[in-house]
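As written, the chains take the letters A, B, C and D, and residue 1 is the first residue of each chain.
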Amino acid sequence: MDIDKLLWLYKTMVRSRYMEEALLNLYRQGKVPGTLHLSIGQEATEVGVIAAMQKGDLLLATYRSHCPALAIGIHPKYIISEVLGKASGVCGGIGGSMHLSEPQLGLIFTSAIVASQIPVAAGIGYALRYLKRDNVVVVFVGDGGVNNGDFHEGLNFAAILNAPVVVVIVNNQYAISMPVHKSTKVKDLATKAIAYGIEGIIVDGMNPIEVYTKAKEAIEKVRSNKTPILIEAKTYRFLGHYAGDVDQPYRSKEEVEEWKKRDPILYLRNIIKEKGFESKILEIEAEAEKEIADAVEFALNSPYPEESKMFENLW
Amino acid sequence: MVKMGRIVTFASALNEALYEEMERDERVILLGEDIGVFGGVYKVTKGLLEKFGPSRVIDTPISEEGIIGTAIGMAIMGLKPVAEIMYPDFLPVCMNQLVNNAVKIKYMSNGKVSSPIVVRTCIIQGRGSGATHSQVLIPIFMHIPGFQVIAPSNPYDAKGLLKSAIRSERVTLFFENVVLYQKKGEIPDGEYTIPIGSAEIKRKGKDVTITCFSSTVDIVLNAALKLEKEGIECEVIDLRTLWPLDEKTIIESVKKTGRIVTVENSWGVCGVGSEIITRVCEKAIDYLLAPPVRISPPHIPEPASPALVKKYVLSEDKVIDGIKKVIEYG
Amino acid sequence: MDIDKLLWLYKTMVRSRYMEEALLNLYRQGKVPGTLHLSIGQEATEVGVIAAMQKGDLLLATYRSHCPALAIGIHPKYIISEVLGKASGVCGGIGGSMHLSEPQLGLIFTSAIVASQIPVAAGIGYALRYLKRDNVVVVFVGDGGVNNGDFHEGLNFAAILNAPVVVVIVNNQYAISMPVHKSTKVKDLATKAIAYGIEGIIVDGMNPIEVYTKAKEAIEKVRSNKTPILIEAKTYRFLGHYAGDVDQPYRSKEEVEEWKKRDPILYLRNIIKEKGFESKILEIEAEAEKEIADAVEFALNSPYPEESKMFENLW
Amino acid sequence: MVKMGRIVTFASALNEALYEEMERDERVILLGEDIGVFGGVYKVTKGLLEKFGPSRVIDTPISEEGIIGTAIGMAIMGLKPVAEIMYPDFLPVCMNQLVNNAVKIKYMSNGKVSSPIVVRTCIIQGRGSGATHSQVLIPIFMHIPGFQVIAPSNPYDAKGLLKSAIRSERVTLFFENVVLYQKKGEIPDGEYTIPIGSAEIKRKGKDVTITCFSSTVDIVLNAALKLEKEGIECEVIDLRTLWPLDEKTIIESVKKTGRIVTVENSWGVCGVGSEIITRVCEKAIDYLLAPPVRISPPHIPEPASPALVKKYVLSEDKVIDGIKKVIEYG
C-alpha cells in the first residue's frame, strides 16, 4: 500500500481518536447533553472502510458515528458543535450526537434506531442504479443490529433489487452488555450472507490495512456487479457502550486489556515508523492535536440555535 | 368550478392519478406487495407494470419495514416513491420506518436530507375479515408530527389529492377504502390537482355541523337527506385531509350552526372527533348550543361475524341518532 | 408405515379437501363473509406434519388453516361455522376464517399477520421448557413469510432460548402473486436455517408419507435437543391465493396442471389401494362426504352471535 | 390510609415491585435488552438476575418484535412475562406484536387464549438525545382498544401499580420516566397494590381542574403552589392510569371548578388532553366557565440542542400561563 494512503489512514484515525477523547472530556465536564457513543478502538474498521469509498459513494451509519463522520470529511468542529447542540453543528444542533447528516460529503444520515438504516440503504442503492450513477452505498450496523428484523428485510431487499449496497457489520463483540455469542448461535456474522444469497466476508477490524484492502475489493465488486456484499469486521470498543457506561459489568478488565494491545493506531504507527516516516507521524499528531483543540474551542464558543429553528424542517 | 368530463370509479381515478404522475415524472416509482403482475389486490395499479416496466413498478416481498425503508431511501435520492401497504392493519408492521425515519430525517438533518414518500393503503373495515383486517388507525398519524394524512371520499378528490400528494415534499399517508373503490363520480378530462389541507363543505346547513371523511361521507350525506325532511338542515364537511386539519372551515361552520357532530370510522378515543371537538371547544365554545357529539365504532376490535359487523360499523341510524341528540338538546 | 397411519393421513386429507370444496361452494354462493384461503393441494404438508405431533404438542399457523384446524381435531362443523361467522364457530364467530383457536386440541391460534406467529412460537417453546413439559410447538409459515422481520427475530429467539420449536415453511411457491424465486435469491428456503445456527430440512410437501416421516424425526429431535429445526416443505396450492383469485395472472395454467398431477390425495389413494385397502378408501370417502354435508348444514342452520358477544373478551 | 414506612427512589420502588412479584410467583419472568448482567440501562432490574437466575431474567437481542412476540407466547402458556422495551421510541418497532397480537388474541379467540403481558418502558424526553429518543406515544395506546396504560408519578404509585399490572389479566403498557427515577418518596414496609384505573386528587381546589400524569405532576403541583399565593386554588388530578381513564373523578372535579386544563408530555393532537376535554364537553359542558385549555409540547419532534429542549418541554411557566388563561377568561 502506498505511503500516502497509509498516512491518510493514520491521520484520520488519530484525528478521530483525539476528537473522541476531547468529547469524552467534555462529557465528563457535564457539557454534553444527551448521550455519547464513542468509536475508540474501532477506528480501523470505520476509517478503513470509508477510505475505500469513491467520490459519490454514500454512507449510512449508526449513532456511533463521530469517527465515520470525520473520516468522510466533516470537520471536527462541526461534529463537536453538533454534539453540544450548537447552531454551528453539522445539523444545526437539531440532530444531536446520534443524528448526523452531510449528504454533500456522502453521509446521508446516522440512525439511532438500531438496524433501521439498512432498508433505507437498499432504497438508496436502488436509486443509484435507477439513476445510472456508478456509485455504491455503504451501510454500517453493529453486531447487535444483525438480529433485528430490519437487517433481514434490508439485506433481502438489497439482494433482490440488485442494489449496490455494502453492508458492514462493525462487530465490536457487544451490543451494550450483550456479547455477540449470546445474541446468535452463529459463530461468524458474515455467515448470515448465505441467507440472502450474497457474498459474506470477514475482515480483521483492528487492522486498517486489511480493512481498507478488503473493503476496497468488495466495494468495487459491488459497483460492477450490483449485488450487495456483507462484510463482518471483527473489532472492539475500548470504552463503555456510552460515555456513562463505566463499570461495564458484562466484560472483564483483562479482556479489554487484551484487545487494547491491538490498538489500530499503535499498530499503524509502528508500520509507518518502520517505513521511515516518523517525522510525518509527529507532524500529523501535532496538527491533529491543534485541530481538535481549536475545534473544541470553536464549539464551546458557538451560540445555541434560535428558538424559531426548532419549528423548521418538520416537512 | 372545474369542467367535468367523465364518469369513473374511485379505483380507476386512482389508477389514472398514478398513470399520469408516472408519465409526467420518471422519478415516480411504485413499490409494494402484489402491485405489479397482480395489479394490486383491488386492481388499483392494474396495467402500470405493463406500461412502465418492472424498474418502476416493483413487486416486493412481504416486508413492510423493507418497503417503507426502501421507499425512504429512494426519496432521499430524489425519486418519488409511492409505496403501497395493503391494509392499514399492516402500518404497525412498518411503524418504525414511518415514525422514526420517514418523519424524522428531514427534521433531524436540519433540512439537509428529506424523504417525501407517499404511502397508499386501503381500509377494509366492515368486510368480515376480523380484527386484524379492519383497522383504520388514522389518529395515530395525526398524533405523530410530520405526516400529511389524506382520506378522500369520492373519485374526484381521490385523483386530485393523490396527484398533489405525489408532487408534495411531505410524507403522505393516503387512506383509500375498499367500500369506495367501485363508487362512481365525475372527473375532468384534463389535468387537475386538489390542495392538501382543505376540507369541502358538501352540503350547506344552518342547524348542525357534521365532520366526516372517507366512507363516512356518504353515510352522513344520506342521513342529512333524511333529516332534511324532518326540517333539520345539516352542514356536512368532508375533511378530505385529516392532517393538516382544516380547522378554519370547521370553526366557521360551528360558529354558524352552534352544534357539532363528528363522524369517523376509526375508534373514538384520542380520535379525529376528539381533536376536532377539543378545537371547537377551545376556540368557539361560546357558540355551542349543545354538547358536542362524537360518533365512531365501539372501542373494541372489529368482530368477524357479519351479524356483529353490522352493529359495529357506522350506520345511517347511528349518525341520525347523534344528530338528533344535539338538535334536541335545545 | 403401518396401514392405520396411512388411512388416517388419507382420511384427514380427504375430509379437509371435502370441507374446503364445500367452503368454496359457499363462497361462490356469497355466503362467506370476508375472505377465504384454501389449502387444496397442500394437504400432505399440513396433515403430514400434524400427524407427527404428539399429545400436548402445540400448533400455531396462518390464515390458511382450515386444513390444519381439522387435522388437529377440530370438527369441520365448528370450522365452517366460524368461517360463516356463526355463534357455533370454534371462536364463536368472533375470529372468522383467518383466526382460529382451540388450545385444548393444541391449536393456539392462526395468524393473519404474516410471520407474526413465529416470535410467539419462540415464547411458547420457552414456556414449555420452563414448565418442564416434554412438548414441542410447531409453527407454520408461508414462503412469503420467510422474508419478514418476524421470521428472522423469531427463529433467532427460538435458537438462542433453546426453545423446542419446529418451524415449517409451507412453500407453496407463491406469496399471493410473488413467486418464491423472486422474493429471495436463495434456492432452498431451508438454507435460511444456517443464519440461526440450526438444522434445516427439505421435504417433498406433496408426499404425505415423506412429510410425516421426516417431520416425526424432526419433532422428536427437537423434543429431546430443545433446539429448533426449520423444515421447508415444497408444495403447491391448486387454487388461487384466496377464493376470489380466479385469474391468477402470475402463473400459467400449464404449471398448475403439472402440479395437480401430484395431488397428494390421489397419490396416497393409489398407495393404499395397491396395498389392498380399496374398500377402506371408499368407506372413508363416503363418511367424509356425509360428515361435511352435515357440517355445512349445521353451520348454515346455526344462529349468529348475539350483539353483546362482541363486547366480551377485550381483556 | 396505608401506613408508610420507608423512603425509596422511584427506581428502587420498581425494583422492589419486580422482586416481590418474582418471589411471590414463579411464573413471573423478565425479558428485555440489557436487563440482566447490566441491570437495565437505568438499573431498575439490578440484582434480579443474580437472585432469580437467567431462566427468569432474560437478556435478549435487539429484536423488539421478538421480545414482545416471545412475551406473548409465554403469557399464552400461563407465565407472567414482564418485557422491557428500553424507550417508548422503540414501541413502533414492536407495534405489530402489540397491536395485532397482544390485544387481539383474546378477543379473536373468543376468550380461549389470552396473553396478559406487561411492557415496561422509560420515557427519556427532554434529555438532549434528539427526536428518536424522546417520544412518549401514550395516546396511540389509548386509541387502540385493549391496552391498560399506566404512567405513575411517584415511588408509591410506581410500586403499587406495577404489582397490580403484573397480577392483572390485561395487556399493560407501563410508562416509567427517567426524570422520576431518582425521585424519592415514602412507601409502606408491607405488601400493597393500587387499583388500576383510578386517578388521585393530589391537591384539592375550587377554581380549576388540572389533569396530569408521570413527570408532569410535579410541574403542575409546583405551579399550583405558586398560584395559591395569587389566590388561585387548583385541583390537581394525577391520572396515574391513562386507560381506562378515570372519567368520573375528572368530571366531578370539573363540575365543581368549572374549568379544565390538561397537561401532558406527549403531543396534543389526538392526545390525552383532547380525549379528556372532549369527555368534559360531552358530559359537563354546561358547567364550564371558560374554554378548556390543553398544554403539551409543540407538535414537532424533539430537537437535540439543550437550548431548544428547554423551550420544547413542559415548564412551570407554560402551566401557569395555561391556568391563568382559564381563570382570567371570566
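The rule we apply is simple: contacts are C-beta pairs under 8 Å (C-beta built on N, C-alpha and C of every residue); 3 or more make two chains touch, one makes a residue touch a chain.
Not measured: the values here are computed from a predicted model.
Touching chain B and chain C at once are the following chains: A, D.
With each centre defined as the average position of its C-alpha atoms, the distance from chain A to chain D rounds to 36 Å.
A straight line joining the Cα centres of chain B and chain D is 31 Å long. Remark: chain C and chain D have CA centroids separated by 41 Å (rounded to whole angstrom).
Residue positions 94-96, 99, 111, 113, 147-150, 153, 156, 160, 182-184, 314 of chain C each touch two or more of the other chains.
Shown for chain D are the residues in touch with two or more other chains, namely 60-61, 63, 65-66, 89-90, 93, 96, 100, 103, 107-108, 130-132, 145-146, 300-301, 304. If touching chains are joined by edges, the resulting network of the protein chains shown connects every chain directly with every other. Chain D meets chain A in the complex at residues 33-34, 36-39, 41, 59-66, 89-90, 93, 127-133, 298, 300-301, 303-309, 311-312.
By the touch criterion stated above, chain D contacts chain B in their complex at residues 89-90, 92-93, 95-96, 98-100, 103-104, 107-108, 130-132, 135, 137, 139-140, 142-146, 243, 266-267, 269-275, 277-278, 281-283, 285-286, 288, 291-294, 299-301, 304.
Chain contact summary for the complex, chain C toward chain D: residues 91-92, 94-96, 99, 101-103, 108-109, 111, 113, 116, 118-128, 130-131, 149-150, 153-154, 156-157, 160-161, 312-315. Residues 147-153, 156, 159-160, 182-187, 191-192, 194-198 of chain C touch chain A in their complex. Within the complex formed with chain D, the chain A residues making contact are 33-35, 82, 85-87, 89, 93-99, 111-115, 144-145, 147-149, 175-178, 182-184, 249-250, 304-305, 307, 309-311, 314.
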